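Take a look at the structure below.
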């Protein structure tokens, strides 16, 4: 049985990460609305607090007090369960992402990752695949045709792109020869994998966007098409959870991108955590930027792109990397 | 021992097979060409067999023109061919009847003539193979090989109940031959246990010392397979059905040659391999043979279908042959070999003639005919000669064979010989009773009046057969001399082994 | 002329010439004119006669005890120690037979030119006639049993084809078949005899058998008698003796020249010839000789009795033939081989004459054969009537004519050899013969005419080609008897003697007083027969009906020929046909096929049974899997 | 619930013995079989089968650890692959069945009746 | 300490397994099954088979159950009618009887077969040192290459089959 100190450190780390996550999710909404409004040469939320800084809290409170309507014929248990199912994977995937080097605090050497699991990357994919449950069950439980269709469509989209994302990461695996994220970050000491795996990074990015149902790939819950997709029947807090789940996923994926391709917390001068957060912010900005510019995909284009372009590209990438690794 | 003139026996087998291959290439519609090719190939085969007949040295007892090529060496089976006094006449019969049968099928084959000719040539190749093979497995291959084309001949070009008939024919033969295969393997294994060399070569296996108990079982297996083919009494019901449904050419070859494979099998394999058992079984088989003779004749008396009548007469004639074989002395065996050839000729000719009437009147029911002698005099003459030969009129071939068999059998089983002589009377009864209703009397149907007599093609088929019938009837010595050496050799072997079973006069 | 031919020893030519004639006429006849067909056929017959005469002449030039001409055309069948050749033998016995056959044959050939004049199958008739002559000569000249048998069956075939010459008539067709089959039964016996001889003597050659016979077969032994009886059975079949005579009366369906040649003169006597030829064997078996004699006697009396009441002219002569053949076998049976053969020769002449005369009567009456519609023909058919009378007298055995000398000699021999009862039978038959011959003569030629009007109009004397043979035969029947005077030692007997083993009672001396007495007694019996016929049929025609009423049963028995034909039909023919149908249906189709098809249907039903296991119900399948697993695990657990 | 509490409770502190795992997987397997036998809905039967498969996987992995050989885990990998294939096909069949039978009740599906 | 994890996980597994076959609504059964998969994944972790645990989650929970959910939702399968247990009693009893027998046999088998010695070379500490996934990867592409290839073919066949069967004619 490991000594009690281990538990304290662990709990501390979890609390820190969880708190940061919640905070950043909230302010991410704000950030996104600010950035998009800048792109569209308009001010964005200004009224609540300086430059609308308090807007997220306002939204949160608004959603909390909204009336929580449960459709009469819905399957109550699952209807309630679905949003949490969507939320959980987003948060628990942060357990394996290293956001810093080893730090000596209060006499203990603490490495800045919650738990270094040697199948880290696989764990991430396991969790990512669970995300589908929340959406599908939500769509189905609300006993609404559009919800169901939207749910199924987004689930299908997520599964398709999950496949390409998995394959695109294989290149990184081959170079780092380990599944553990810590070792992957370690392996990028000489050169970030983005330089060695440009195609891999590109595919990963696209899949990441598709995975989180954002921007060009957000057809299922696009307001104009299917009346907001699977969470059409949801209101107040449960709707908020879906919303949070979406942004949390965005952050997770961005963190993943930074650790795998942008060298995680590695950086010349600044302390590791700062590098990590900077790169994180850079990728998130990229996401929002894409959202602001690219028009929405039609569903069949989306699916064809996923299967007929990305998948072969990912496979090709693997083959090239394998050849490169074998020759070295 | 074997004249160095190249693999003449293999060419004999290969020729019809190659002919069949050639036919495959020919376009199905050009029936004239197909007929000419088939006829040419089988005539060539006949010429080749005449060469063999010419160069055959009657003084040599053993095999001649032997060819030996390792085939499946792992189980000691090799491709061995050879001909001796016993198989030569049958070889000639096969190569003679095939062109006649092919000539017979120039008319009367409604559809797919090309397939028909291919089957005929394959059948001929298979039959020649059966008579020349000296390796048990090779023999078995050819033995089954002849089944397939025959199956198609009856199955496709047969009469209304052809499917039933051809299935029955194939199943009957297969049932028997499976047992034979088993016995062959047992024999080879037994031989290996004593001599340490696994081999299926007949000449080698003849010497194998097999304990009497086992010998009986092996002989029984072989005998069953051959008895079905002969056909002996209890296993004969496939023959009438097969004949009634088979096309004319099919019947000619089926009766002319395929039945002889059974009796030849007894002579070539059953007797020399298991002499003691053969001697022990001889009384039983002779009884069956005699019953076969009387039964066949009696039943054919009651038939109203011409082909069925001739089929049952075959059962009776082959009863004589079996009786001769199991009398196991020189005269009887030579008589039975000669009778095999005679039966081939006369029954073959009978089927040709029945085929001709069938082509004209499309019925084989005797009641439908009458007074044909008036309408078709040349046909009547040929039919008379052939019928008389099949009855066994002295001066024609049937009598010589039957007389020798009776003389030989009288030595060993006196009672059976006398009963068989009664068979001769019955033979005359059913044949003349048929003759009277078909050829004489007033023509009961108006269609009988305008039937045209024999055409040149039909004469070309019958005349050589009738000449042969007369030639063997008056000068049988030409064939008999060829058999002497081999038969004495065979019987020498058999008598040597049976002496301890029972004293043979 | 005789000196040119003395060197002629090609006796094989005798049978070959008619054979060639037959082939030529047979194959090319259709395209030849009738005249040339007749020319070739009769030419062949006459050449054969000349060749026989030449050989006979050469035979006489040889010393009496070495009178044998031999010629072999090479081996026929040779297998193992049996070797049979195409060997021809010309000794006094076969010489007589050859001469009879070719002589009578030629006359009948000439006769049938006229008789068959307008028949459509003219060439086929002559071809078969020539073929018959050839086969008969082969039979007679063969030097071994197998060749004899070849001729034997060949003759049977020709009689078959000639009886059924007008094959469109169903009666002729069935008569032909009947003749061949009945002969075939006798032939089977001969075959058995032959194969037995091969076993005993190793060969079928007459000379070796007859010289070796006493050594291998002890006198009077069972083997000897059975062997000779087998041969005799063949003779019974061929020469229409009791019980196998039924085919001869039906054989009358054939054209009359055929009946004359085959069923009177030649073929039916083949049986007698064979028994005579095998005399050495019969000598070893007195028992069988007795049987031969008795069968001959009884058949003679039996046939004569039937002939008494027959109405068909040819059938009466047919029964008379059977009766006379009975006489011949009687003669052989009592050991008087020469007498038997002498009667055979004389019989050939007058029986052929009777048939041909009957033929010309039928020819004249356009096919009418029934006595009841004849009468008073003497006035219009003068020559036929005259010749018929001579024939009738010879047949009845009246003094100057041939019949008397040969029949009397047989009766004498019978009496001399102690068969008194047989003599009585013989005498009675002689009386019967006299009665029915002259009944026929009176009914046909004397009395008032009972012809139908159109038959009467058609009445005309037959052409010279038919009458010439009649006259020649009449001369023959009258004179040929003189060769046999005195009995036992006449010219004929001295010529024939050597070819027979010395019979027991060689009465070489002049006819003893009792001999003349017996001859006179036989003559009186014959005369009485003739007078009775005269009284009944000429003086008061009503008499026969009255007689018939008085003995109705006897009359009916005789008219229906002792119902023998019907008896055979019921006892032999019908059962075999029924048996065949029964066996074919029940055993063949029923039992064997039943078994085979049975197996087939058995498999079918087994398959249907298994099919029901497939319920299609998924849980059922699951349960079965589960059960399987449980059982397997159970086994492993408790036995593992 | 079942099995887990039997006789080994005493050794609470030691590592979990192999037999515990075996008993657990046997129980799971038994539940699977009961499910297959009892239930009438094809999908549920399908799930029960998956359950049985997983019970077997558990045994494999347990043996792999206690016998010190990796083969167990690799076989589990293959079992999973095949299970995935099987589910894909099974569900496709069920869809096809549903389309023309309007029900997935096992008792209604008897087209293969003999 | 291991027991602390084993007992709850085992209980969870058995509980959810029971739910799978007892619940009436197929969706709940599916979710119960997902629960079982997670319990088993935990057990695999206990047995130091991280790779298998994660793969279990990815394949079973991530892919197969999603497929199940899809099908259940698409087909809108109704609930099993309530008294489903009581309706075909004979089949039920027979099934339970057989399963009892089966369990009995398994018990006997387990009972008679206790505690084998360590036989294979891959002891648990060696596995920890090298890394479970690396080992599996190495074995998979050396010793078990052929089965691996065959599995890929099976999957291909499954894909094509599923597509053909499910396609609407």
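Note that the chains are named A, B, C, D and E in the order they appear, and that numbering of residues resets to 1 at the start of each chain.
Everything that follows uses one rule, which is that contacts are C-beta pairs under 8 Å (C-beta built on N, C-alpha and C of every residue); 3 or more make two chains touch, one makes a residue touch a chain.
Quantities reported herein were computed from a predicted structural model and do not represent experimental measurements.
Participant: When every step has to jump to a touching chain, what is the lowest number of steps that links subunit B to subunit D?
Facilitator: Graph distance in the chain contact network comes out at 2.
Participant: Taking each chain's centre as the mean of its Cα atoms, which chain lies farthest from subunit E?
Facilitator: Taking each chain's C-alpha mean as its centre, the farthest from subunit E is C.
Participant: Out of every possible chain pairing, which has the most C-beta contacts?
Facilitator: So the chains sharing the most C-beta contacts are D-E.
Participant: Centre to centre, using CA atoms, which chain is the farthest one from subunit A?
Facilitator: Most remote chain from subunit A, centroid-wise, comes out as C.
Participant: By C-alpha centroids, what is the most central chain here?
Facilitator: Of the chains present, the most centrally placed is B.
Participant: Take the average of all CA coordinates in subunit A, do the same for subunit D, and state the distance between these two points in whole angstrom.
Facilitator: Roughly 34 Å, centre to centre.
Participant: Taking the mean of the C-alpha atoms as each chain's centre, how many Å separate subunit A from subunit C?
Facilitator: Averaging C-alpha atoms per chain gives centres 125 Å apart.
Participant: Quick check: how many Å separate the C-alpha centres of subunit A and subunit B?
Facilitator: 90
Participant: Distance from the CA centroid of subunit C to that of subunit D, rounded to the nearest Å?
Facilitator: Here the centre of subunit D sits 101 Å away from the centre of subunit C.
Participant: Using the touch rule from the top of the page, what residues of subunit A touch 2 or more other chains?
Facilitator: none
Participant: Please list all residues of subunit D that touch 2 or more other chains.
Facilitator: In subunit D, the residues touching two or more other chains are 33, 37, 40.
Participant: If you look at subunit C, which of its residues touch at least two other chains?
Facilitator: In subunit C, the residues touching two or more other chains are 619, 623, 626.
Participant: Chain pairs in touch?
Facilitator: Listed by label, chains in contact pair as A-E, B-C, C-D, C-E, D-E.
Participant: Enumerate the contact residues on subunit C facing subunit E in the complex.
Facilitator: Residue positions touching the partner: 619, 623, 626-627, 629-630, 633-634, 636-638, 640.
Participant: Inside the complex, what are the residues of subunit D that reach subunit E?
Facilitator: By the definition above, subunit D touches subunit E via 1-4, 12-13, 15-24, 26-35, 37-41, 43-44, 46-48, 50-51, 54, 57-58, 61-62, 64-71, 73-74, 76-78, 80-89, 91-96, 98-99, 104.
Participant: Please output the residues of subunit A touching subunit E within their complex, sorted ascending.
Facilitator: Against subunit E, subunit A makes touches at 1, 75, 77-78, 117-119, 122-123, 125-126, 129-130, 132-133, 136-137, 140, 148, 152, 155, 159, 178-179.
Participant: Which of the residues in subunit C end up touching subunit B in this complex?
Facilitator: 75-80, 82, 146, 149-150, 152-154, 157, 160-161, 164, 167-168, 170, 172-174, 176-177, 180-181, 184-185, 187-188, 191-192, 194-196, 198-199, 576-577, 579-581, 583-585, 588-589, 592-593, 596
Participant: Which residues, counting only subunit C, touch subunit D once they are in their complex?
Facilitator: Going by the criterion above, the answer is residues 611-619, 622-623, 626.
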